Amino acid sequence: MLSFKRNYAHTLRHALVILFGLAMLYPVLWLLASSFKPNQIILTDTGLWPSTFTWDNYRNGWKGFQGVSFARFFGNSTLVSILCVLGNAATCSFAAYAFARLEFRLKKLWFALMLMTIMLPYHVTLVPQYIIFSELHWIDTYLPLFVPKWLAHDSFFILLMVQFIRGIPKELDESATIDGCGHWKLYTRVITPLLAPALITTAIFTFIWTWDDFFSQMIYLSNIKLFTVQLGIRALFDPTGLSDWGALMAISVLSLLPITLVFFFFQRYFLDGIATTGLK
Amino acid sequence: MKRRGLSIVLASTLLALAGCGSSGGPGGDNASPSASPSAAPSGSASASASGEQEQVELRISWWGDQARADLTNKAIELFEQKNPNIKLTGEFAPFDGYFDKLNTQLASDTAPDIFFLGGNVIDYANKDVLLDLGPYVGNELKLDDMDPTMIEYGTVNGKLIHVSVGANARGIIVNKTMFDKAGIPVPQDGWTWDDYARISKEISDKLGDGYYGTYNFTTDGMDIYLKQNGKQLYDMANNKLGFEEADILPWFQYWDNTAKAGGVVPIELQVSNPPDDTGKSLLLTGKVAMTLLPSNNLVTFQGLTQDEFTMVQLPRGPKGTGVVFESSQGISGFAKTKHPNEVAKFIDFIINDPDAAKALGNNRGVPVTSANRAALVAEASPADKIVYDYTSRVSEQTKKEPFAISYNPPGNAEFIKLSDNTVQEIGFGKASVEKAVQGFYEGTVKIFESNQ
Amino acid sequence: MRTSRRSPAHLQNGAAYLFLLPWLIGFFCLTLGPMIGSLYLSLTKYNLLNAPEWIGFANYAELFTNDDKFTQSLSVTFKYVFMSVPLRLIFALLVAMALNKGIRALGVYRTVYYVPSLLGGSVAISIVWRQLFGGDGAINRFLGWFGVKGPYWISHPDYIMYPIVTLAVWQFGSSMVIFLAGLKQVPSDLYEASQVDGAGKLRQFFRITLPLLTPVIFFNLIMTVINSFQAFTPAYVIGDGSGGPLDASLFYTLYLYLEGFAYFNMGYASALAWIILAIIALLTGIIFATSRYWVFYGDGKEGR
């Protein structure tokens, strides 16, 4: 009797969680379904299953606009993302190594400043940064997008890796030092391999944030040929009004694909990464 | 494959960087392998005269929808065929975002070499960002066949900085099919604003829920209304505002009353489906029967629906219709372009080459040279004929009732936003008409002063 | 250990500063320098074309006395923060608790609920939102089944905040994952002990779960508040990009962007930036200051 009741409650909760999950996914499913509907019925056919199925939207959308195809936008986004990922992984781990393992003058001061920059809203540096990049004639190039990453600008990841390196037993360093390793060797041979999970977390977050970034790309890029996927979508959305919703939906689906794939491949690092950084 | 693509883009980025460092010129788009180092800015005039095969890449931007983009791209293609050494990359955006983007590009020296401007030329002329086309007139750029008033329009402070590419006259676009359905006769030239309000309401009443007589065009029709009453938006000769708060209050009141009577599109629909957005306009879906539009838009609109459109002159005020046949938009060059000769060449192509006229049609207005007008009249569509008929009626009218061509006031973009906001304030019931208009006038003065 | 700290011989200055070099350059050129720069610019009139013109505190005076858009953008942003942050955290906590009860296939659910956080920041999803909440979009059709005629969510100034808040709440997954990890660390013997004492579910929640979770809530709260103040893409794409209708989507960041990059009032935009910095600092300061009254560190940190 009691177990029946408990079972019942259990099933109910399960059903609720599933139902709620479906509701959560509805916008994504709607987007996916719309991308396969013929253009004329997208706004009238409300069902999640397309009554008529077509690939045209993908074909049309991929063509892009003004003679620039989305292949180029995806290429551009990939390039920018990769440059950012490499920059963040390298320079943030350098800084983290220094903070976690080395003793030096003013260390406490720098560390405190680093912590403060994590919480600093970007507004306050936005205008001068723009002016600096503009003076350097970097506007309309990718430099303003990735150079900051090569200067360890995302301090969040420094903190993440400092925490991680602190968890690596110091004995390893010491035995390596006895073997005559310098700091560079210590960093590359001992720390980096052990740091892999944190590096991966850094890499995938940087990738996703860069891929999704809209604001700085919009500010710094104006030549269509340099457009990223986000700018391409926004541009497609703008001038055509309703004329090609299907293409817009199809490209939107494609734009979400890379981050979704990265997520599924690295799910473990992802969720653990969030959980551990959150707690420490 | 992937790696190759990557290294090419990387190389071009580096090239762009190097190029910027040495010449200080705009943009990274000229970084294609063909961009030779000989294209130094100082020697460009002589270089293009002597070296015929020098490859030049230009960027051009305009506002509008996909249909306009298709026409413009066609014209660009023709130009490229006739000038194999010039390559043009087009960019376009909707009217709203276009000028924000252009401003950003101008300020950061990354503006396109060629861009379209409308009634806000003055704003840009004052910023010294427009190319002085004077030196090219008679060489690359021939204006002999162009209407002198149009040349004058593009000449600010003695410099030719803008070449109009089309002329139009604003008028009331009327969905005849809806009038037939409602059993109401299509209005005729010479009607009044009272007629307009009455007919709008009749349409709404006869056709029922979800159908409306007119869009609210308080903002777009403001300068016309002022001219009909002997005032103007901007007194350019004396560089001051041409109206007082009391002059404009009745205009807002008129729209408020007409809306309350029930002839006007509800404000939230107006926001979500603006009249000139061809993707969403309720004029095209047969839900709204009339609004104020530039005559060149009629052809585009007619092409997108089965309903039949026509054009009627604006309702009259004390001084007449207040409408003139004027420049709808034109082309300017970027002051810092590296290839001013090619820019002039392109402008020349657009206004003088009949092939360009045939590609572009009347999309941006009636061509400004008689040769190109003739080229179009020869193959006019029924919709084109309605436009020609309308613009000739306006021209006749202005002979009897002349009105000055209007320039937009400085700070036009901000002013338009302010005006739209005021309409919404009233429409959403956030403020009384009097209070909203008071705020509107204060804001107008403030914008005007801060843009001096 | 003690000797190493005192004697300079053990300092590894050279190597350390070499490792730190990129960050240091970044800190000075991209953070500290620009901060000083924007403080200076906020006291000038600057349009990027002409040299900055010193005008003292005129920008700030204008902001506080004569700028309706500033007050409007602040009120819009605060409305957004105060609506979206609590809702998002409550959702995250509730779902995390539902999932924590040893449900089968936890991984799948965790993924399903996390996906929105992953995608929510993109332009694509903002466009989807615009569609779903359109006049005849899915949301209004759904309401129509119950005989409710939904408003024009996107184009009416009284309603546009709701789609934007919904989008933020929809992305509760990242906070939920953190809560889940927190819940796992609550020792189960505490629950068993309280069950023996005959405590009800609700009482357990308020006596055990909630207090032990406060550090996690604290962290989530700080991060969500800071992030919420910086929201831009949803306001830009769901609204009309210029704050409309009637400035109801004029988020602070959007206003700053328009002033700085559409109208090129760089000095004014810098003043706006410093004000939002002060506000965020103040708010996080308050959360930090009050934290010792409500954040409970189970490891006895306070007593240390």
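Going by the order they are written in, the chains are A, B and C; count residues from 1 in each one.
By our rule, a contact is a pair of C-beta atoms (placed from the backbone, for glycine too) under 8 Å apart; a residue touches a chain by one contact, two chains touch by 3 or more.
This one's a predicted model, so the numbers in the text were calculated from it and none came from an experiment.
Participant: Looking at A-C and A-B, which pair shares more C-beta contacts?
Facilitator: By the number of C-beta pairs in contact, the winner is A-C.
Participant: What's the farthest chain from chain C if centres are computed as the mean of the Cα atoms?
Facilitator: Centroid comparison gives B as the farthest chain from chain C.
Participant: Could you work out how far the Cα centre of chain A sits from that of chain B, in whole Å?
Facilitator: So the centroids are 39 Å from each other.
Participant: Roughly how many whole angstrom separate the Cα centroids of chain A and chain C?
Facilitator: 17
Participant: On chain B, where are the residues touching two or more other chains?
Facilitator: 97, 104, 107-108
Participant: Multi-chain contacts in chain A: which residues touch at least two other chains?
Facilitator: Those would be 130, 134, 219.
Participant: Note the residues in chain C that touch 2 or more other chains, in rising order.
Facilitator: Within chain C, the residues that touch at least two other chains are 48, 261.
Participant: Going by the contact rule at the top, pick out the chain C residues touching chain A in the complex.
Facilitator: 4-5, 10-13, 15-17, 19-27, 29-31, 33-35, 37-38, 41, 48, 95, 98-99, 101, 103-104, 107, 109-116, 118-119, 121-125, 127-129, 131-132, 136, 138, 141, 170, 174, 177-178, 180-182, 185, 215-216, 219-220, 222, 226, 229-230, 232-233, 236-237, 253, 256-257, 260-261, 266, 269-270, 272-274, 276-277, 280, 284
Participant: Taking the complex as given, what residues does chain B use to touch chain A?
Facilitator: 5-6, 9-10, 13, 16-17, 20-21, 24, 26-29, 59, 64-66, 69, 73, 89-94, 97, 101, 104-105, 107-110, 277-280
Participant: Along chain A, where are the residues that touch chain B in the complex?
Facilitator: Residues in contact with chain B: 65-67, 75-76, 78-79, 82, 130, 134, 136-143, 219, 222-226, 235, 238-244.
Participant: Mind listing the chain A positions that touch chain C in their complex?
Facilitator: By the definition above, chain A touches chain C via 13-14, 16-17, 20-21, 24-28, 30-31, 43, 46, 90-92, 94-95, 97-99, 102-105, 107, 110, 113-114, 117, 119-132, 134, 148, 150-153, 155, 158, 182-184, 187, 208, 212, 214-215, 219, 230, 233-234, 237, 248, 251-253, 255-256, 259-260, 263-264, 267, 271, 274-276, 278-279.
Participant: Inside the complex, what are the residues of chain C that reach chain B?
Facilitator: 47-49, 134-135, 151-152, 154-158, 240-242, 244-247, 258, 261-264
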